[in-house]
């Protein structure tokens, strides 16, 4: 048995190219997420149609450009130009100031400003509109400060767990989950499929090793690899991005181990269905990876999805693990609060293993 | 020429004979497209809200009522203690806590101002920002309502200066996220099929040993390459057409521009992407390696393509990297043509860049392929 | 005996991989129509040398001509005139027998009619009528090997190169395979075969023995046995490999 495990390790470590990608990819991904990818709106190209050319329009324009959200690309002369400028694709929004803006404002004859956004990117458009609105209202309040503000309700907003609104905190648990899935589920299924393809699986089954031992031996190296990957990702998050680790390290390790086992059992299950490496790969990729990324809450908030998808997301193990990670890392809760998620993961594992065992038993008879 | 026909026939036979591959090729992209298009949204809906009303006055109840009436928020709990509310947030039962402090109404009437506390789960920073905007808007709305009411009641009160701000959304007035995501997801699926299958295909022959056999025959390099890439080019184009039909029938997303332009661009795009897959196959010896390498590039390409997050928001060095990302160009063009009706002229810059990309990539791949080791 | 010209001539052929010399300045000729056994232990350099001759590996130095063409300049012309059967048989397992024949026939530029005629002959000869439309993967090993050989001969090449063609096959099938080889040789095809089954050496006209990249012996099997005082080619090989006489 020991010899078998050592052989598996040889297989993996000799494949330098795969190893480089295996360890390099999480690093690259996290760095990308941390430094390049963001949902925030910055450096958006806008144009202005200024029919007023007065104090208010100039001051508001200045205010908008002083934030790093907007970059002024030019002034338009008329409404006709708007459509073609949007079609060119560079300008994302046009601000229109009506004539005599300042005068109308001061006499409270409701001065009109239009924010026209190119909504082919609805999220950007919405955010741009909101930012622009906020800036305009800000200016408006400044003007009103000379007038006593009456009946003012002041909302005090506190951002909990992540006061600096750092995007990376969202992505690190997600990236870790995806990488673990990749290593554990995909690689395990491919490794087993490869033995089947080469025909050496039968040799193993004929040897004195019990099927359980064969599978365990295949799986052990990947547990190690996954654990290393998980540790690397967490360390990166902690040291480079100052991600907090509020919860206990022990809980974190145990939960991670549980998830690794869950994904391994997924990999084993896939290998019972797939007969060739190619099939195992495509199945893992399209049937596992994509839904995981999309439906687990990694990138898109689950609550915003239509009901059937929200239900679907419940059978994706990654979703539960991401909840656990967020709880442990960022909220600092104890395991007791996460019993539901843990139970679900454990349950999934048992079901998968049970199914796989049944399939193997059928094959051998 | 006839030789190419023979190679193509063999390739197609192999592809369609593979029982497992067929559903993967045809069923899965469809399913993915359907699911993902509905899942992919950055909108923030059904925001879990917990209200702590320590005032229990008519104003506080009115304010709470406004939140309940809002489409954005979903009430998940009410309590009298901040501690309970925070615990609920720890348990992920709520994401936003609205705390109306005691004396809210009294302060507003007597002192002319009052505070309201919002605690927002900011793990998802972007969502938190949006939630904050929504909540502030409701509060502001409520505030304005009180002012107008009071203004009526006390003559001579000063009316504050106000802008009337209209937000218009062009090309997608309902801010339908699907319209934005679906073309992009389509690009994604077509790309994955091209890179993964094409690259792995060549490596598979290497692994099995049939590649050696081919190298001993008088098949010329270009014949072999065309034979390997053409089937997947055709498959990719087919997937695109198929996907576009689904876009139309299921999502009612039509093409504002010309479908000819889309296919022209797609044709060149597929060449570029297949070239990448082919290029990768020159460096790998096993299917697993090929898959990993392809996966590595795919992830980077997808993340940096502007599909999910805007390219403008990336730092300078990242933007430079996206210049070399073919997916970025396709996503841009798909949106421009499908949603804005852009024509051939407007997409010329992207087309040009992609053409160069395809030539270089395939050139490198061809040069790197050796019949003689 | 009709006077014969060499159809393969090799002079000081060398192939180095970094500091390791796999093929060390070997020189030999193969005559038209002969069955030439290229023997040696695993790792002796046989396969490397053969890869050079079939035009998929470039030598480090030395000269070689196959079917009259220079292996440096005219590899494509060589490939038109040779057939090849690799260690792993290299037929497409997921295609049927007929489809494999169609593909390889087409690759070598045979007309559809020719392919059909040859398919018929092949099917009759090997008795594959029942399995003609089944995928190759359904054939047992011995049949795959015979099929691969036949397909290698499809385009009537002047030389056919066989790399360890009988690996893992039972002795009866092995003998059947060799009778196919004899038949082809009888028709004028030159056979260049590598093997590490020393008993198969007895079937060849001439045999060369490679040890550590060098050709240590080259002659007919009977002359070799005489020279080394051995009873079988096995013994000849052992002596050459160990570089000392066997105790009887």
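First chain written, first letter: the chains are A, B and C, and each begins at residue 1.
Here is the rule we use: a contact is a pair of C-beta atoms (placed from the backbone, for glycine too) under 8 Å apart; a residue touches a chain by one contact, two chains touch by 3 or more.
In this text the structure is predicted, and so the values were computed from the model without any measurement.
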**Q.** Chain whose mean Cα position lies farthest from chain B
**A.** C
Q. Which pairing of chains accounts for the highest number of C-beta contacts?
A. A-B
Q: Averaging only over C-alpha atoms, locate the centres of chain B and chain C and give their separation in whole Å.
A: 56
Q: Would you mind pulling out the distance in Å between where the CA atoms of chain A average out and where those of chain B do?
A: 11
Q: Give me the residues of chain A that touch two or more other chains.
A: none
Q. Can you list the residues of chain C that touch 2 or more other chains?
A. none
Q.
At least two partner chains per residue is the criterion; list those residues in chain B.
A. 18
Q | Touching residues on chain C, where the partner in the complex is chain B | A | 51, 54-58, 75-76, 79-80, 82, 84, 86-88, 90-95, 99, 102-104, 106-109, 135
Q) Residues of chain B touching chain A in their complex? A) 18, 20-21, 24, 28-29, 32, 35-36, 38-48, 89-92, 108, 112-130, 132-133, 135-136, 139-140, 142-143, 146-147, 150, 157-173, 175-177, 179-180, 192, 196, 200, 204, 283-284, 286-289, 291-293, 295-296, 299-300, 303-304, 308-310, 312-315, 318, 321, 332, 335-336, 339-342, 346
Q | Of all residues in chain B, those that touch chain C in their complex | A | 2-3, 5-7, 9-10, 13-14, 17-18, 208-210, 212-213, 215-220, 371-373
**Q.** In the complex with chain B, residue positions of chain A that touch it
**A.** 15, 17-18, 21-22, 24-25, 28-29, 32-33, 35-45, 82-83, 86-89, 92, 105-106, 108, 110-127, 129-130, 133-134, 136-137, 140, 143-144, 147-167, 169-170, 182, 187, 190, 194, 274-279, 281-283, 285-287, 290-291, 294-295, 299-301, 303-306, 309, 312, 323, 326-327, 330-331, 333, 337
